[in-house]
Each structure stands twice: as C-alpha cells, then as structure tokens.
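Questions regarding the structure given below will be posed in turn.
Should a chain be cited, it is by its letter among A, B and C, assigned in written order, with residues numbered from 1 in that chain.
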C-alpha cells in the first residue's frame, strides 16, 4: 500500500461530568504522500478532536480512543508513548489556531524553533540556529536574525503564525495537521498564510490535513475534502467533485451559506436552522436529520452508512442530492 | 510615560515608604509616657545624662531628632546602646554581629524551601487529581498553615530533648566548624522551611496546572520532546511569577518567623537583639534595627519585581 | 452554603465552632478552676479528673484551654473585625476614588506593610504597654487593650490592600460605570454595588487574618509580651516553655489547639477564597 496515513474506524469518547461525550464516531479516511485533505465542520463537529486523536496527542486526558491509525503501514495507536513521541515532529506535526497561545510567551523565537532540530535531529546549537534562520526565510519572515531574539509578544499575529509554521516544519514532517490556522487572523493575512502553507507543501512534499469551519479556505488549497458533522464524516470527495456534485444536504447547506458578493443585497443570508445534536446523547438515525429539509422518517431512525458514489466520492445519506434512485 | 520617568516615579514612591516607615517608628518611640529620656539613658549622673540626651538628639522635637537619627543612619552610625550598669556599646557592633546570622538563616530557609518545593510542585501538578495528589495536597495545606514556632517547639522537644539528636540552643559560626554550624541550624531552618516549602509547592502546583492547559504546552509536546523536558523548559518559567512574588512577600513573614526562632533556639540573631532592646527599653536602637528590616524588606520586593521582569517578558513594559 | 464543602473544610468549620463555643460559654462550663492548684502536677493526657492533664503547677490544662480561648479568640476576632472595618473603609476609598487619595493611602499601607507583622506589633505593644515607672508592669486590662489596638493596626493595611484591589476591579465593571454615567451618587454606588461585591472577598481574607493574629499573639506571648497574668493559649505556651522536660503536655496541649485553630481558619478562609475566585473570574 502506498498510503501515507490510513485511519480506520477511529472513535473517541470522553468521560465528562455530563455523561459520555461521543466526539468522534467511527471515522475513516486515507491520505497519500503529499496530498492535502480538508476537514470541514462547524465548531463542535469533532474535527479538532479528530486531528489530535489521529496524531495521538489525546493521551493526557480522559479520552477513550479506539480504532486504527496507520502511518506508513505502522499502527501507531499501539505504540508506546516514547515510540509515538518519536514520530512527532519528524513525521507528524501540528499547528494551532491561535498563535498567541501556541507560542511559549517566555521563550525567544529562536529557541522555540531551534528546539526541534536540536533535540530531535541532534543538531549542534550553531547548526540549529542556522536552520532556524533558514526556516524563517522559508516562511517569508524578513530579517530572520533579528526575529530570532524576539519574544512572541513582540510580533504581529501573521508573523506569529508563520513562526508557528516554521516550528512545525523544522524537522521535515511528512504530515502537517493545521488546526484552524487562519481563524484568528485578519482576512488579508489569511490568504497569505494559506498560500504559504500550500507552497511549503509542494516544496517539502508534505501532506496536509487542514481543519477548518470555512469552506472558502479549503476550496482553493485542498486535493480532497471531508465534511464532518456531529462526529461523523458525512461526505468526502476530491475538492472539485465536492463542489460540483454535492451529495449531502448538509454540505449543500454549507455551500449556500457562504456569503458571496454576487448575492443580491437585502436578501437574508441563508443559515442552517437548528443546532448540533447533544454529543452526550446516543445518536438515532442521521445526525443531521433534525435540521435537514429533506429528512424523512427513515432518516430519523436509521443511521445512513457511508456509500461510495464513485470517483472517490463517498457520502452518508439515504437520499443524496443529484442521484437518481 | 517614558521609561526613565517610570523608574523615577517608582523610586520616589519607594523612598516615600522608606522614610515613612522609619519616621513612623520615631513617632511611636516618642509615644512613650513620661520623658523619653528616662528610658534611654543609663548615665550615672545628671551631667552624663544630659550629654547622652544630646547625643541621642532627644532634646529636640520629633522632626529634627528624626533627621538627626536619619543622618547618622545612612552613614552607618546606628547610635549608642546603653547597657545596664552604665556601659555603652555602639549599636552598629550589635548589628554587625547579629544581622549576618539572621540573614544566613533566612538564606538557608529560602534555598531549602525552593529546592524542595519546585520538584514537589511539579510532581503534584503533573499527577494532579490522582489519589496520591489529594493526600499530598492536604498534607501541603496543613504544612503551610502550621505556625513556625509550633514546629520549632515540637521539633525542639522531640529531636532535642527526648531523642537528644540535635542541640537545642546556641549558634556556631561557620568558622568554628561546618558540622557544628549545620547541626545547630537544622531545627531552626526546618521549622521555618516546612511551612514555606508547603506554601510554595501549593502555589507552584496551581500555576503549573493552569499553564499545562495552554496550547503552547501541547505544541511543545507535539514537537516530540520528552515530557520532562517540556515540564522543565516550557512549563516552569511561565508558572513561576506567582512563586517569586510570594517568595518576596514571604520575606516579611520570614523575618518575623526568624525573630521567634531566634528566641526559641537562642541563636543570637536579630530576633534576640530586638527582644532584648525592647526589654532594655533601648528604643532608639530598636528604631535602627527596624529601619534596617524595613529597608531590607523593600529591597527584597524590588529585587523580586526585577526578577519577574527577567523571567517573564510579558510583564515588562507593562505601562508602556 | 455549607453543602458543597469538602471533608477537610467541614472538620475545620466544626473545630472553629467548638472553639468559639468554648470561648463564649467558657466560665459556664463544668470545668475546674484554671487557677486552682492541685496535687496532680505534670500529669499527662486523660488523667482522671483532668481531661488534658495538668502543668507543673497543677493547673488543669483543659480548663486553661477553655478559658484561654476567650482571650486568644476574642483578641483575634476584635482585631480583625476592627481592622477589617477601618481597612475596608480605607481600601474602598482608595480603590473607588483613585487619584491622590489612592496614592496617599497606598503609600500609607505600604509603610505599615514594610515592617513585618510580628515586629510592628512588638514595637507597638512594647511602647504602648510601658508604664511611666520603669520598674512596674502594666495592668492586665490595659495590656489586652494595647494588644488589641496594636494588632488592629497591623491588620488594617492587610485588609485595606485587599479591599482596594477588589474595589478597583469592581469599579471597572460595566454596571458601575453605567450607574455613574446615570448620575448616581458615589456613596449610593458604593453602598449598592461595591460593598456587596467586595464583602465576600473580605470575609475570606478575614479568616486568614484571624489565623495570623492568633499566631502573632502566640509568638508575642512566647517572647514575653503577651497578656501577662491573664490566660491565653500564648501565655500557656510561654509559661510551659521552661518546664518542657518535665511536663511536655503543658506545652503541647496549647500548641496543638493553637495550631489546629490556625489550620482550621486557613482552611475555611481558603475554601471561601476558592469559591470567590470562580465567581470573580467571570468579572
């Protein structure tokens, strides 16, 4: 198998005071080397938990994880903590939503970037410093030598995000998990950062898992898109295919709710009525059925399986749009 | 506000407090019923007495005698100490002998407390909410609330009187033997450092627990570095501001504690001297002692603020 | 309010209530006269007739503890009460009015705070409790008053600073700013909005302060500047220090009561503070 990452039936539950919270329900997907996958969903859909669970970063909390995650055919869910840790940084890396809280406020930028190469790649202080400068150049930060000595406080939001990216790619990971990398940024900076990530991807032949709630973000920068709802993947397809042949009513609703300049003024923005179902309650039927305008009796009672509609397009719906029964 | 302006403002406030504190003492001392001179002097005849009153500046009003004292104080002349029987010692000799001991003890206490509390805080924070942690936390809480002299008396009795393991009285300077020096200090230092250590560990634990929830810790972990490295290099520094502040604030309590310990174990430090001065009614000497303490305390506060500025750059340029 | 407390807090609260009971009901309880000599001296715990033993003079320790609790607790409660009142008023003034008032008051607080508690009270008591005749000591009643005054003075800046901080925080809340903008009188705002919100934090610290005062009173007595002939836990400590070898219980009984009471005060104060923190973090 030439797949870089294979996730099968990943399931995550949390023991909380309110009950058992089923955050990720039986999720499966694959990732080829250098491929970029977008995971789209509302807040609370489980997408963040999914990315962390895939990487194995959930080990410190009250999480119950099951399922399989194979990195280059190696089952990483069964690895010991130190073996798993050996994969972090060098094969998998993650960047977070808010660069202000994700960078250590009391340590200098240079130290934070150089730490990976020094500890994981065994570079000397001098070499690591050089590498840090190199990385800063790669993320298009001007005057890297000066920035090395600064503290996160002293940088702008966009620069901090670039620094975070530099830290993440420092050891040449094969997969980069980007957890809402642009949500905390201004719109203009968003585009720049996304461009940067894309170009780094091609430069380093790095696979990317881009987690976001913003369909617009994934539209231009991903090879394929997975739509998550209430802990499940409800639709997954190559990007162009998803946008032209949307099957799942939820995805359709998402697409419709993107504000466009071409929309008529004075017309209300289409919204998706209702809210996410309570993740502590067991799911009956399709998770989206309560809010779906096409829902039928069957939708409320039976859970739709993931159906392969051809050309890499899978969806979880009894009555997919545009498909004649 | 420019940086220089800020510094000047801060120094001014500091000096205000310093002068205020010492003046307050001078005022209090003047509150004594009757003529202050009755208490201070020990001269055997009237002429000697008048001379001593002049030396002490007591023939003037409060303000000018304060300045008289202040002028001498900053020159290191702490005034005379009149002993019973008519002899006089310069207070400065007393201070130079007693203060280093007390400072040494306080240093030992702080060092030991920090040395033990930092790993203790780290471990309890790391294993927070597990069964062991709850037990240890309760123990820490109790430990931090026990008054130092209670521990001193208890330790003194069990280790000193019953088991005869350690000497209960006296102080041995380093020059007379390191072993004896430490033996005499074990109980005093322990009595003060146990509550302090417990208090530090609790504070550190709380801070670390809250730091651990931050994203940058997950980020550091995701780089693949070991947990211990993450704890020491990434978590400890941002969590230490509260500790440093507390350490400085505690200096005041520590000084007070040292006074009592001094008395209980007869260590001849500033504590005993203060008590002695009180009973000998040498209030002027007392004024100098306490002025020193106030100065030291203020210096500690300043130093700790500076330390926080170094350790945590977030607090620099706060008012900029 | 008592429902959600942990076990430790409940125990602490119970202990404090017991101590308070001793203090209030003391003389009415069926205990031997604390100043009565008895034949049994240096007795240990649970000797028949003497619940907690006796000291070298034959004084019953339990009786002394109960009667002693009056002085120890009342001194603490009155000092903290008075100190809290004065400190509270000054703190609210500083925090609310800001500007010059705040500057002056803060410097004032800091002046007192720069002298460690024990030492400040030591000096105050030593000076105020000195009689004009150097050979005579001062009457007990006056001593106690002096001690209370000195400890109050020590407490004022402590509680004052806390109150100031709390007032500052609450003064910046939107509803206070709104009230001001509507022309509400300052005194009214303080009464209606500031005081009810600042009071809980004062309560929490007040308990801690009571603990501090009890300790200081004990320490002062050990140093020889306590309540003199009167009975307090501190004076019990002072008297028994010399008898340590022969009658250790006479030291450890008051010591234990003192330590437990201080720990209990800290526990209650701490749990109050925790509840407060969760409330104030929403500020």
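By definition in this document, contacts are C-beta pairs under 8 Å (C-beta built on N, C-alpha and C of every residue); 3 or more make two chains touch, one makes a residue touch a chain.
The structure displayed is predicted, hence computed values, not measured ones.
Enquirer: Going by the stated contact rule, which chains contact chain B and chain C alike?
Expert: Output, common partners of chain B and chain C: nil, no chain qualifies.
Enquirer: Could you name the chain whose CA centroid falls nearest to the centroid of all protein CA atoms?
Expert: Central chain is B.
Enquirer: Hey, which chain ends up farthest from chain C, C-alpha centres compared?
Expert: Farthest chain from chain C, going by C-alpha centroids: A.
Enquirer: Averaging only over C-alpha atoms, locate the centres of chain B and chain C and give their separation in whole Å.
Expert: Centre-to-centre distance between chain B and chain C: 22 Å.
Enquirer: At what distance in angstrom does the C-alpha mean of chain B lie from that of chain A?
Expert: Centre-to-centre distance between chain A and chain B: 53 Å.
Enquirer: Distance from the CA centroid of chain A to that of chain C, rounded to the nearest Å?
Expert: 57
Enquirer: So which bits of chain A are touching at least two other chains?
Expert: none
Enquirer: What are the residues of chain B that contact at least two other chains?
Expert: Nothing qualifies.
Enquirer: What part of chain B is in contact with chain A in the complex they form?
Expert: These residues of chain B touch chain A: 214-216, 218-226, 229, 233-234, 237-238, 311-314.
Enquirer: What residues on chain A touch chain B, complex-wise?
Expert: So the residues of chain A in touch with chain B come to 55, 57, 82, 85-90, 92-94, 96, 98, 101-107, 115-116, 119-120, 151, 153, 164, 167-168, 170-171.
Enquirer: Residues of chain C touching chain B in their complex?
Expert: It comes out as residues 8, 107-108, 110-119, 122-124, 126-128, 130-132, 134, 211, 215-216, 218-219, 222-225, 237, 241, 244-245, 248, 251-252, 255, 258-259, 262-263, 266-267, 270.
Enquirer: Flag every residue of chain B that touches chain C in the complex, lowest number first.
Expert: Contacts found on chain B: 13, 16-18, 20-21, 24-25, 28-29, 31-34, 38-39, 138, 141-142, 144-147, 149-150, 153-154, 156-157, 161, 252-253, 255-257, 259-260, 263-264, 274-275, 278-279, 281, 283, 286, 290, 293-294, 297-298.
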